[in-house]
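Next come two complexes built around chain A: one with chain B, the other with chain C.
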Partner chain A sequence: MIPGGGDLRFDRMPPRWVPLRAFLAAPVLGGFGGLMLGIVGGSAAESRYVGELIGALHLVTLGFLTLVMVGAVVQVLPVVTGVPVPGASWVGPASQLGVAGGSLAMAGGLAGRWGPVIGAGGILVGAGLTVFAAAGIVAAWQARRNPTGRAMGLAVVSLVVVATLGVAFLAGHAGWTTLRRDLTDVHLAWALIGWLGLLVMGVSFQVVPMFQVTPQYPQRVQHWIPAAGFLGLVVWTFGRVGRWSPVAAVGAVVAVGAVAIHAGVTLWLQAHRRRKLRDVTTDDWRLGMASVIVAALLVGAAGVGLVDLGRTGPALALGVLVVFGAGVSVVEGMLYKIVPFLSWLHLQNLVSRREAGAAMRIRNMRQLLPASGPRRQFVAHLVAVVTSLVAAVAGGVWVRIAGFALAVDLWWLAWELAGVVRRSNQDRREVLGAS
Partner chain B sequence: MAERVLDVSDLEPCEPMERSLAAVDELGPGDHLRILHRREPFPLYEILTERGFAHRTIEGRRTPIEILVWRAGDAEAEAAVADA
Partner chain C sequence: MDGIAGFMTAEHRRCDELFADAEAAVAEGDWAAAAERFEAFAALTVRHLLREERVLFPAFEERTGMVDGPTAVMRQEHDQMRMLLDAMREALHDRDVDRFLGDADTFMILTQQHDMKEEQVLYPMSDTAFGSDAAGLLDRMQDV
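So, the complex of A and B:
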């Protein structure tokens, strides 16, 4: 291990199409979630249990966020720890197919109230995530000495809890079992703090210092904060299910405190960047971490009785802050670095392996992804987050506006990423043609 | 015979690798390049080897990592790097 550095092993990367395919398909799927909200309009936000809202939200959380996060684990875990995900070449595509197909089926089924389609969606998502989780847990266990590997392992264990409850809910919606709505908050907490929060932590330890040229995360943060977040969730769950309020409160403070501390440290590191060049990824991460802190304050306000998260408006606003404000922002920022970087790196390796191509000039990351497009797309993302927050509180026509804004946000992202792949494929053809 | 120094510690990917590859191409007989970096650039190693360069990574004084690069088979450069 190198002092102050990570342990990136790009020579152990899986084939480039394994993560790239998921990274390109994800925003397209997520955009359908926005379109669904735009079409359904205000009735989708009348309660957190409206089928269309659950379906649309899962196109974003499963179709967009989880699809990218599965690709990121398959890609990042072997690169940072040297431990390959077992069967990466088929585990990646199989789990991505299950998640993508399943999220589409469950969204359509929930919107149309078609029990068998909802059930089929649950089976597909469950199968895809089971394949991924089994391989991910084995790899994370082997990589447990690395802070990123440990955080990813805890995130994958959280995903197992989320998926188990989620599939049980879908079976309830399909009419196969009793629908246990009392466990909805447990599903949400493990999804947003466990799966999303812990994975973002693990990835951030590598990508924030590397791509945003910040100082390294303090060792204590890397070692203790993901573990504290996970432990807090376990304690909160026992308190919640066992109806022991003081225990649940302690667990909630620890879990929410862990993600808030990570967000604060990330903002501090960004404020100490060595080169303070304007960069859309840094803006995305700033928006994401600020959203986490506002969400944590909202939970804290609810804890002391200032806000009632049992009401639909504040509950939806909290969800918007965490899913759109934090999750979508961070993942968009990550994609804007990882997709051009992977494309460039594979091109660079190709050039080096071909004698005739060695003299050729390939595009660098900035040329593969010119900054102007992502900068304009970030404005569209800001509009989507703000209108979604207004929609959560005001409902009505704002739900329609927010839905369409979200579709524009994510499809614009897909367009920018497709441009990277198109340009790198042009260079690839030229290199191969020159050999 | 000379040491050239390249500080890429404040650059974001992919500039460190681009500048490093451009700099090694200009190494003459007996020359070596000292790259000052904030983290170990694993992808660079494979590309350097394929392009006919040897390298040695040491703990840095000004930056966390220093990578010494020379043309493989250049005995004079290799001897200079051994003393570095």
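So, the complex of A and C:
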């Protein structure tokens, strides 16, 4: 028997604009989250439950992070594991449309206290993620022998938990059901450690050693760490919901320990990389992994009573570290490679199909995206992370500053990526004109 | 990991190391070392491509009947890699750091996603499809 043989076609990928459209829209949506915080200012950070804060945060976590991550799973899983995502050509666009439209609606609804709009947002996000999760779980199950496929599968299962709770919360905000705020931390933990954390782990097992020419992740890390993170979350959730503190503590130590170990191993591998060239993607990964370790230390400090994560400031700081410090950094670094490569590949395929264009020289990735822009944008990202941390603790005017800094960070990213598309469209016209 | 998958995967990693060494020399402006390391990298890469094009792919197509399947895409990507190797050699000759590094980055991503597909799918499929004949096929590939 030939495993997966019959249906295997590497060229059966969605057209270029399908992933690109989502990758370009994502930072624009995320930037609106920053703008929202900038306009609302200090009152948005008075508690974790302010509508504008929840809306703005979800423009970043759903509108930016999840929109890109869904596209990445549909694009990356088949390449990495050889298992195609069923219905990839429509699952990607349909789920991304649901997530993008839904995150805008829920943010607008939460800010304006419009129940029906919040509800509509919940339905859109829920529908989009259901389509994605169903296809993703089928594909990940077929790819379960591969550590990346397994970690991605556990991440998608976590997403189901996150989305189920999230849609229930939105129904509560819309006034359709009781709002269960006691489950907010469960939603957060599965979102940040389960969906975001496990997905980054799965991608890193392939991407870090291959692209930065580092040693491989140890087999034990690849086999056990994602599973430990997932099991830790399950145990913590039972402990938390059942109010068995020792059980919850054990689960928390295992889950947070797993992501911290992964981050530490990743930094160690990067320190031993053979490809010494420093670029913005490497810096983004380093910032991301360092943020995970600081976040884990913060949880550890809370565990021994040094910090009270029940207070708004430390809780928001933890969220900033994981969402902006880790999630946004890693995804920005990834986009700076994926978007120029997809654009180059498209041009290259166009040239090789046209004899008259064959002699033409098309721009390489660095000519499509000159390094100076992303380097300056990275500084803007650092400013956004630092001011957001200050805003979490100090509140007041810092929330406004951090919000605008975040908008600049993400919209600058969108500008750089749009530049890639603009330059590649110029080349495209030349290729088409030459034939 | 043994067999075709083991040998060819190890050769991918060796090519990556030679690539990283050449790229580092260009970034440091050490043109003599860069030229020497680049040619070592390019020679092993081209030999690796030929092992596949002359031996593995035809045998795979004959054994599985999949002529228009994975091997067609692999051949197309080999052509793109050769084109980028030529572009890098030209940039090296012109001592144009930016152009070399841009072509090198493009080559790296193209090659890595290509290698992933081979390592995750094509090589394991080949080992399974050829069974006890895999060792003989590997000998012929190593002779290239």
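One rule holds for everything that comes next: the second predicted complex is superposed on the first by the 422 of 435 C-alpha atoms of A that agree within 3 Å, B and C clash if a C-alpha of one lies under 4 Å from a C-alpha of the other, contacts with A are read in each partner's own complex, and residues count from 1 in each chain.
Basically, a contact is a pair of C-beta atoms (placed from the backbone, for glycine too) under 8 Å apart; a residue touches a chain by one contact, two chains touch by 3 or more.
This one's a predicted model, so the numbers in the text were calculated from it and none came from an experiment.
Asker: Thinking of the overlay built on chain A, is A:R353 touched by chain B (first), by chain C (second), by both, or by neither?
Answerer: Once the two structures are laid over each other on A, A:R353 reaches chain B alone.
Asker: Could you say whether A:K276 touches chain B, chain C, both of them, or neither, answering first, second, both or neither?
Answerer: Only chain C is touched by A:K276; chain B is not.
Asker: Touching A:N364, do we find chain B (first), chain C (second), both, or neither?
Answerer: A:N364 sits against chain B and chain C alike.
Asker: Between chain B and chain C, whom does A:V213 touch in the aligned arrangement: first, second, both, or neither?
Answerer: both
Asker: From the superposed pair, tell me which chain A residues show up as contacts to chain B and also as contacts to chain C.
Answerer: 2-5, 8-11, 210-211, 213, 274-275, 337, 341, 344-345, 348, 352, 364-365
Asker: How about chain C: which of its residues touch chain A in the complex?
Answerer: 16-17, 19-21, 23-24, 27, 64, 66, 69-70, 72-74, 76, 79-80, 83-84, 87, 98-99, 101-103, 105-106, 108-110, 112-113, 115-117, 120-121, 124-125, 128-129
Asker: Can you check the complex and tell me which residues of chain B touch chain A?
Answerer: Per the touch definition, chain B meets chain A at residues 9-15, 17-18, 38-40, 42-43, 45-47, 50-51, 57, 59, 64-65.
Asker: For chain A, which residues are in contact with chain C within the complex?
Answerer: 1-5, 8-11, 79-82, 146, 206, 210-211, 213, 274-277, 279, 337, 341, 344-345, 348, 352, 361, 364-367
Asker: Within the complex, which stretch of chain A touches chain B?
Answerer: Residues of chain A touching chain B: 2-11, 209-213, 274-275, 337, 341, 344-345, 348-349, 352-353, 358, 364-365.
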